[in-house]
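Take a look at these structures.
In the two complexes that follow, chain A is the common piece, with chain B as its partner first and chain C second.
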Partner chain A sequence: MASSPHKHMDVIHAVQEYVNKMLKEPGMKVLVLDKETAGIVSMVYTQSEILQKEVFLFEKIDNVSKEKMLHMKGVYFIRPTQENINLITDELKDPKYSKYHFFFSNTVNKVFLDDIAKADEQDVVAEIQEYFGDFFAINPDTFSLNMQSILSKRSLGWAMNINRLVDGVFSSMLALKKKPIIRYSSNSEATRYLSEKIAERMSRERDLFDFRKTNESLLLILDRKDDPITPLLHQWTYQAMIHELLTISNNRVSLANAPNIKEDLKEVVLSLDHDAFYRENLYKNFGDLGASIKDLVDQYQDKANTNANIQTIDDMKKFIENYPNFLSFSKTVSKHVALMDELSRIVSVNNLMDISEIQQELACNHDHSSVYSRIIEIINDPKYSEKDKLVVVMLYSIRYEDGHVWELKENLTRVGLSPKQISLIDSLKSYAGAQLREGDLLGTKNIFSFAKSVVKRGLQGVSNIYTQHKPLLHEILDNILKNKLKEQSYPFLSPTNTKERPQDIIIFMIGGITFEEALTIYTFNSLNVGVCRVVLGGTNVLNCNQFLEDISETLRK
Partner chain B sequence: MVWSDRTSEFGNLAEAIRRKQEQNGVQLSQRKLSPANQKSQFSYAAAKISRGVFETSEKLTKLTNMAKNTKLFMDSSAQIEELTFIIKQDIQSLNRELSALDQYVKSSRQPNKQTGDHSETIVGFLNTKLISATKDFKDILEVRTESLKQQQEKKDSFAGYSSNTYSTTIDNPSDNILYKYDEEEDYDSSAQEHSILMPTELTTTNYTASRLRAAENISSTIHQLEGIFSQLANLVSQQGEVIERIDANMDDTLLNIGRGHDSLVTTLYNISSNRSLIIKIFLVLIIFSIIFIVFFA
Partner chain C sequence: MATRDRTPAFKLIDLEYNNKTKNHSIADPKDRDHGNDIPLGEKEKDSVQLKLVNFVPAWLQRVNDIDSNICKIKLKIERLEQLQENKVLPTFDDDGESIVKMEIKTLKIIRLIDATNQLVKTLGEGFDLSIEDTRMKKDIQRSKIATMQTVSLLFKQNQNNYLTKISLEMALPTWNEIQDIKAGDVPPSISLTNQQMNLVNGIVCDVHARDREIKKVLSSIQDITQLIHDLGLLVGQQDSVLDQIEYNLDHAEGSTIGGDTMYMYYICSFYRNHNDNVNHINKTNES
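Moving on, here comes the complex of A and B:
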C-alpha cells in the first residue's frame, strides 16, 4: 500500500492484504477457492497462517459434498467465470453455510450479479466484493498469470485466453493502485491488441480508477519475441537455476527425479516469506551460493553442538524453548542442501559450464569464426545433451540469421536429433526473426551502439563470463530512467503530452518472463530506490524447456 | 490496492427481483429474519401494512370473481356479503394503521432528514397502494350493485310471468270447479297446488327483502369508502406538498451552493489581498525597528 514506502508497488503484499481483508470477518469460516485462486492464495500465505484467522476448512468450489455446515460462514474467493457463477447459483438454492461472503478476483458483470441475486432466495448472501488479486505473485516485484503457450496471437491458447490475460493485467493495475498510461511494443500485433483491450476495460470501469492520483505511472506491454535469447540461456542465480533445472511451479519444486532423495524432500516449498535463506540468496550466483550454503551448514553445526551439551536445568529449558526453531532451521538446511546437491549434480552431468560459456559467447559477442568451430565441436561431442546442442544452434540462428545455420542443422541430423526438434529452429525464426523484433537485441542495428558495446567490453573486461548477458529489458529500463524510450518503438496508446518520467512502472511481457529478467528488475529497483520502481509481469515464468515447448505450439496454426 | 464493494448493488438487484416476483403473485417462501437483520419498528409496521394491502387485494380478486360469476340460480350472496364485510374491515383497519404510522413518522424524531424523507415516501407509497386497493373494492361493489340490479330486473320479469301462472292457477280451479266440480280429488290436488304456491310467494318476498338489505349494505359500504377516500386523498395531497417542498428545497440548495461558492471566491480574494497587506505591515515594522535600534538604542 502506498502508505508504507517499502510496501509500495509490492505485489505479494497486495495479495496478502486482500486475503487479510477477506478473512477479517469474525467467526468460524470456510475458505472456498477455485483452482486458480487456490494457487494465488497459496503463493502468499501458508495454510497454517490462514488457519490462525479462524478458517476451519478449505474447500474447492467444485467440491460437491452436500454436508450442511450451518454454523460456518462461507468465504469465497473465486474468479468471476461462468462456471463458478453456475456453481454458486446451484449452491445458493440449497445453502450449505449460514452466510456467504463472495470475493471475486475481478470485476463481476451485471448479468452474473443478477444471476446470483435470483438464486439468493433465502437471503444468505452477506456481501459481494471485488478484490483484484487475479495474478500469481512470485517475488515482491514479479508476478505471472500461469498461462502456457501464448507466445503470440498465432499461438493455440491465445484466442481462448485473451480475456484471462486482460483480467490479469487489469487486476494488477488495481492491486497496485495505479492508473497508468499505456505503451506497447510497436512491432507486435499482440501487444497492441492487448493494450487496446486494457484501455477499453479501463474506460468501462472508470469508477474503479477514481482514486487520488498518485505518482506518474506507466504500463509497458512487451512481447517475448523482441528478446528470444534470454529464455534460452542457462542461468546461474539461485532462483533462476532452480527454475531452469528443476522447474518451480506455484512456489513448489519437485525433487522426485533426484537420486537417493529422502521421502520428505521429494517436494519442497520455496516461500520468500518463510525461508530467510531463500530470500537472501534468491539472486546470488552459483559460486556465492556455495559459500552461503557452507555458512548455513556451519551455523547448523554450531547449533547442533550447543544442543548436544545440556548440563543444567537452565540448559534444558533453553533447549526445549529453542527446539522448534532448531527443528525448522534444520529442515531449511536440509532442503537447501538437497537442492544444491541436485543442482550441482545436473550441472556436472550435462557439462553445463561449457554450454553456458558458448551460450554467453553467442549472446554477447560478435565473433563468427571461432564460435562456429566451437559449435561444431560441441555438436559432435556426445557428452553434451541433445537439448543443449539444439539450444546452442538456436542461439546461433538468432545471432547469425544469415550464417551457416543450414550446415549446423545437417550436423544436428547427423548426430541423431529428430526432424521435429530441428524444425524448432525454423519455428523460432518465424516467431522471432530479426525482421519481427522491436528494439536492438543484439546491439548491431546501428554502428554507434555496436562500437559502444565493443569499446565497453574492451575497457571493462568481463567479471563473470557466465553472467555477462544482459536481457533487452535492461536497456529498456535504462532508457525509461533517462526518459529516452523511443516513441517509434514503444508508442503511447493514446496521445499524451506528459513528458515526465514515470515513477511507477508495470512491465508486462506477453509470452512470459524469465528469472533473469526478474533479477534485472530487482537490481534496477534496488539501484533506484525512491526514484523509480518497476513491477514485472508475464503470462508465465519461462525456462528453456517451457520456451521450446511454447515455440513448438506456435507452429500449429 | 483497490477493491470495490458491490454488496449494495447486489442488494438493490435482489430487492428488485423480489418485488417483481411479488407482483407476479408468487407467494414468497417465509423469509427468515436473522436477529442481526433486525428492522426498526417503523419498517416492521410498514411491512405489515404492505402485507395487509397485498392480502386485501388477493381477497378483492376473489370477490371480483364471485361477483362476476353470480348467476341467477347459483347465488352466493351470503359469501359475497361476508367477504365484503371482511374486506371493509380490513381496509378500515389498514387505513387506521396507516394514519397511525403517518402520525408516528411525523411525531418521532428522525435521526436525519433523509431518513425522515424516506419514511414519508414509504408512507406515501403505502397510501397509493391502499388507495388503489380501495378503488378496486369500490369498482367491484359497483359491479355487484349492477349485477344485483340486473338480477332484480330479470327476477321481476320472471316474477311477472310467475304471477301470471299464478293467476291462471287461481283461475284454473274455478274452471275446475265449474268444469269438474264433482271430481273431488282433482279439486283437492288443485287446492294443494294452491297451498304450495303460497309459500313460494312468501320466499320470493323474503328473497327480495334480503336483496334490498344487501343493496343497502353495499351503498353504505360505498359511503364509508367515500369517507376513506377523502382521507386518503388528503394524505396524498400532503405528499404532493412534501414533494413540492423537496423541489423547492433543491432550488434553495442550488442557490445556497452558488452563494457559498461566491463567498468562498471573495474570501480567497480577501485573503490574497490581505497577505500582501500583512507583508507590507511587517516590512514597515522591521524597517522601523531597525531604524529604532540603529539610531535610538
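Moving on, here comes the complex of A and C:
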C-alpha cells in the first residue's frame, strides 16, 4: 500500500487539507486557479469531490469572460506572481463576484498587498491567505515542482526559475510544518546556492516557522549530477515503467499511440486515492504485476458472470445496486489491462529486456572485457533503438570514463547516430563527470565497499538481474539512518550543535528525481516506521527521455 | 500544514487608501451596512425601506429548493428509521397508526426524491443561459445528482433493512400449514363433500399464494424503479480523465460532458436494462 499513516509527513494529505480549508465556507463558490495550481489541485482531488464542496464552477484566472456572477463568491488559489496580481487588480476594478477570497500558494510581499488594496475600490476582498501548497504531490512521500531543464546553474531554465525553485522547497517545509537544519552536497554550486536562498528566506519569514513542537528535522539538498545513472536506466516497477515508457504528467497518461486503443482509454488517470489497484501495485515489478492483473481480470470475470446470470427479480435488484461499483471496477480493469498491454508491447518491440540487462551490468558491476564486447554487439544490431544504443554508451562513459568511449562513439556514428545525439555523451561528462560528483556512485572510491560488493555478489548472486541497481540515494539514506552522513560530503549550511539523528527529513534533488528513487524512499519509510520518515522532492520527475533533453539543454548555453 | 492570514495586514493597507471614495459591496447583503442604502433625508421612522436587490438569477434559486428538498429527505429518512425501529409489524391490540405513518412517510420520501430528481434534471430549463451559466448548471447538476444518489441509496438501505426485519418476524406459512389452517377453519355446517372442500381449499391457497407472489413482484419492480432513480450516475466519469479538474479547465468549452447529458445517458441505459429484464421476467412467467 502506498497510502501513509504518517499524515504529518504526507504531502498529498497536506495539499488536500489546504484545499478543504479554503473551500470550507458555505455557499456557492467559483474556484479560480492558475495554470500551476490547477495541476496542484488536480493531483489530489477529482472534480466530483470538489463539486461536493459547493464549488459550482472552475475557472482559469486568465479566463477572458467578463460575465458578472455577483451571486457567487470567488475563491482564488493561485501563485503569487506578478502576472496573477495584474490579473487580480484588473478584475477588482470591475468585480465579477460578490466577494473575493484569495489563497496564495506562497508568501505575498507587501507590494502585492498594496496593489490589491489599491484596486479594491469596491471593498470586495474578504480575505487574503497564504496556504503553502506550492508543489505537485505525486505520492504521499514524493513531490515535484514540474520544472524542466534545471540540471545545473548553467542550465537555461535556472536563472528564469530560481525563485520558483526556492518557493517550491520553502512551501514544502511549511506544508509539512518543519523548520529543518539544512545540508547540501559539497561538490555542487547549485545545492549550496539553493540552501543559502532558502536559509535567507527562512530568516526573513521567521514568524512562519514558529511551530510549537517539532521533531528534529533535516532538509538535504542534493544534485542530480551526483547520480546520473538512475535516470538512464530502464525501470521494471509499475509506476516507474509507466513513466519511463509512456510518461505520467500530472497523473495523466496518454495511450493515444497504443495500437487499436479504445477512444475512452486514449488518456487515462492514475490516482492513488481513486484507483485501489494502482495504489496497491505501483511498486510491484513487472513479473508480479502480471499476476496481479490476472487476478484483477479473474475477479472481473466472476463479477461479470454473476451479473450476466440474472434469473430473478432479486438478482436484478442486486445487479442494479452493484452496478455503479461494477462499472467503476470494469473501467479500472480496462485501464490497467490497456496499460499493461502497451507496456508489454513496447518492451517486446524494443527488446528492452536485453538492453536492461546490459544497463544493469554497467550500473552495478565492474567487468570491462565482457561488457565492452556486448556493447559493440548491441550497437551493431539493428533490432535495438538508437536511443537505447546511445544510453548504453552513456552509461559506459560514466562507469569507464577513461575507457574506450571514443571507439564506441565511432561505432555509433557508423550505425547512423547524428553528431548532435553523440555529443550528449560529452555533455553528460561535463555535467556529471567523476571529478564533479559527490558521493561514491560506482562504489569504487572506497576499496572496502568495493570488495564487499564483489564478495556479496559472488556469494549471494542476484535475485533479479533487471532490478539489482540501487540509486545513490539508497546509500545516503543508509548513512542518515546510522547518523553517519559525512559532513565533508554533505556539510551543514550553518554550524550546528545537534548530533541527534533527524526524524523527519525532506530530501530535495536539483535536476529531478526518478520513480526508482521514489521506491527507495517508500521502502526506507516502510522499514523505519516510527524511527525516521523521509519525503523526497525534485525539480521534476525524470524519465530517460526527459533527462536526455535536459542534458541537451545544458549544451545550448 | 502552516498557513498565514494576511487579511489584517491587507486591511491596514486598505485603510491607508480609505480616503478614496469606496463603493460598498454590491451583492452580499450580510456584509453591508443597510442604513447606507437609504438616502440621508429619508432616514426617519416611517420611511419605507428600500428592498435589497437579489442578484441570484431566477434559475439558480432553484438550487435552494433542491438543497432544501435534500435536507427534508434526509430528515424524513431519519424519522422513518426511528418509526421502523419502534415498530415492525402491527399487533392485534394496536391501532395500526404507526404502520400508517410509516406508509405515509415512505410515500412522501419517494415523491420528494422524484420531485427533487426532476428539479435537478430540469434545472435552468426555460431560461436563456449564458455559456458560463451553462457550465455552472452542468456542474451543479453533477454535484446534486451525486448527493441524490447518496441520499436515495441511504433510503434504499433503510428500506431493505426494514424488509429484512419484517420477513424475519413474519415467516410465511408453508403449504402444509396453510392446508391445516384452512381445513380447521372450515365450519362443519357447510355441507360440501370432502372432495369439494379439498378443491376449494386448493383454489383458496393458490389464490393466496398467487396474490403474495404478485405483491412481491410488484414491490420488487417498484424497488427497481426507485433504484433507477438512484443510479450510479457519476460512476462513468469518476476515475476518468473527464473528472480531472485540469483537463476540464483545458477543455472548458468543448468536450466536457455535463450533468444533464450524463443524467440522460444513464437514465436511458438503465431503462433499457430494466425493460430487458422485465421482458425477461414476463417471458419466464408466461412460460
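To be clear about the criterion, the second predicted complex is superposed on the first by the 552 of 557 C-alpha atoms of A that agree within 3 Å, B and C clash if a C-alpha of one lies under 4 Å from a C-alpha of the other, contacts with A are read in each partner's own complex, and residues count from 1 in each chain.
Note that in this section a contact is a pair of C-beta atoms (placed from the backbone, for glycine too) under 8 Å apart; a residue touches a chain by one contact, two chains touch by 3 or more.
Since this is a predicted model, take the numbers as computed values, not measurements.
Enquirer: Consider chain A as the common anchor and indicate whether chain B and chain C clash or fit when overlaid.
Expert: On the superposed model, which is not a single observed complex, chain B and chain C clash.
Enquirer: Please determine whether it is chain B or chain C that touches the greater number of chain A residues.
Expert: C
Enquirer: Tell me which partner A:A304 touches in the superposition: chain B (first), chain C (second), both or neither.
Expert: Neither partner.
Enquirer: For A:A159, is the partner it touches chain B (first), chain C (second), both, or none of the two (neither)?
Expert: neither
Enquirer: Please work out whether A:K60 is in contact with chain B alone, chain C alone, both, or neither, and reply first, second, both or neither.
Expert: second
Enquirer: Taking the superposition on A as described, I'd like to know which of chain B and chain C A:I465 touches: first, second, both or neither.
Expert: After superposition on chain A, A:I465 lies in contact with neither partner.
Enquirer: Just chain B (first), just chain C (second), both, or neither: which does A:S328 touch?
Expert: Once the two structures are laid over each other on A, A:S328 reaches chain C alone.
Enquirer: Does the superposition put A:I128 against chain B (first), chain C (second), both, or neither?
Expert: Both partners, chain B and chain C.
Enquirer: Clash with chain B: which of chain C's stretches 21-29, 39-47, 111-119 or 183-191?
Expert: 21-29
Enquirer: Where on chain A do the contacts with chain B and the contacts with chain C coincide?
Expert: Looking at chain A, the two contact sets intersect at 14, 17-18, 21, 107-108, 113-114, 116-118, 120-123, 125-132, 174-177, 207-209, 211.
Enquirer: Along chain A, where are the residues that touch chain B in the complex?
Expert: For this pair, the touching residues of chain A are 1, 14, 17-18, 21, 107-108, 113-114, 116-118, 120-123, 125-132, 174-177, 207-209, 211.
Enquirer: Quick one: which bits of chain C touch chain A in the complex? Just the residue numbers, please.
Expert: My answer: residues 1-7, 9-10, 13-14, 16-17, 20-28, 31, 55-57, 60, 63, 130-133, 135-136, 139-140, 142-143, 146-147, 156, 217, 220-221, 223-224, 227-228, 231-232, 234-241, 243-249, 252, 270, 273, 277, 280-281.
Enquirer: Write out the stretch or stretches of chain A touching chain C in their complex.
Expert: 14, 17-18, 21, 28, 33, 38-39, 41-42, 45-48, 50-52, 54-60, 63, 65, 67, 69-71, 95, 98-99, 104, 107-108, 110, 113-114, 116-118, 120-133, 174-177, 207-209, 211, 250-252, 264, 267-269, 271, 274-275, 310, 313-314, 316-317, 320-321, 323-325, 327-328, 331-332, 335
Enquirer: Given the complex with chain A, which residues does chain B contribute to the contact?
Expert: 1-7, 9-10, 13-14, 17, 29, 31-32
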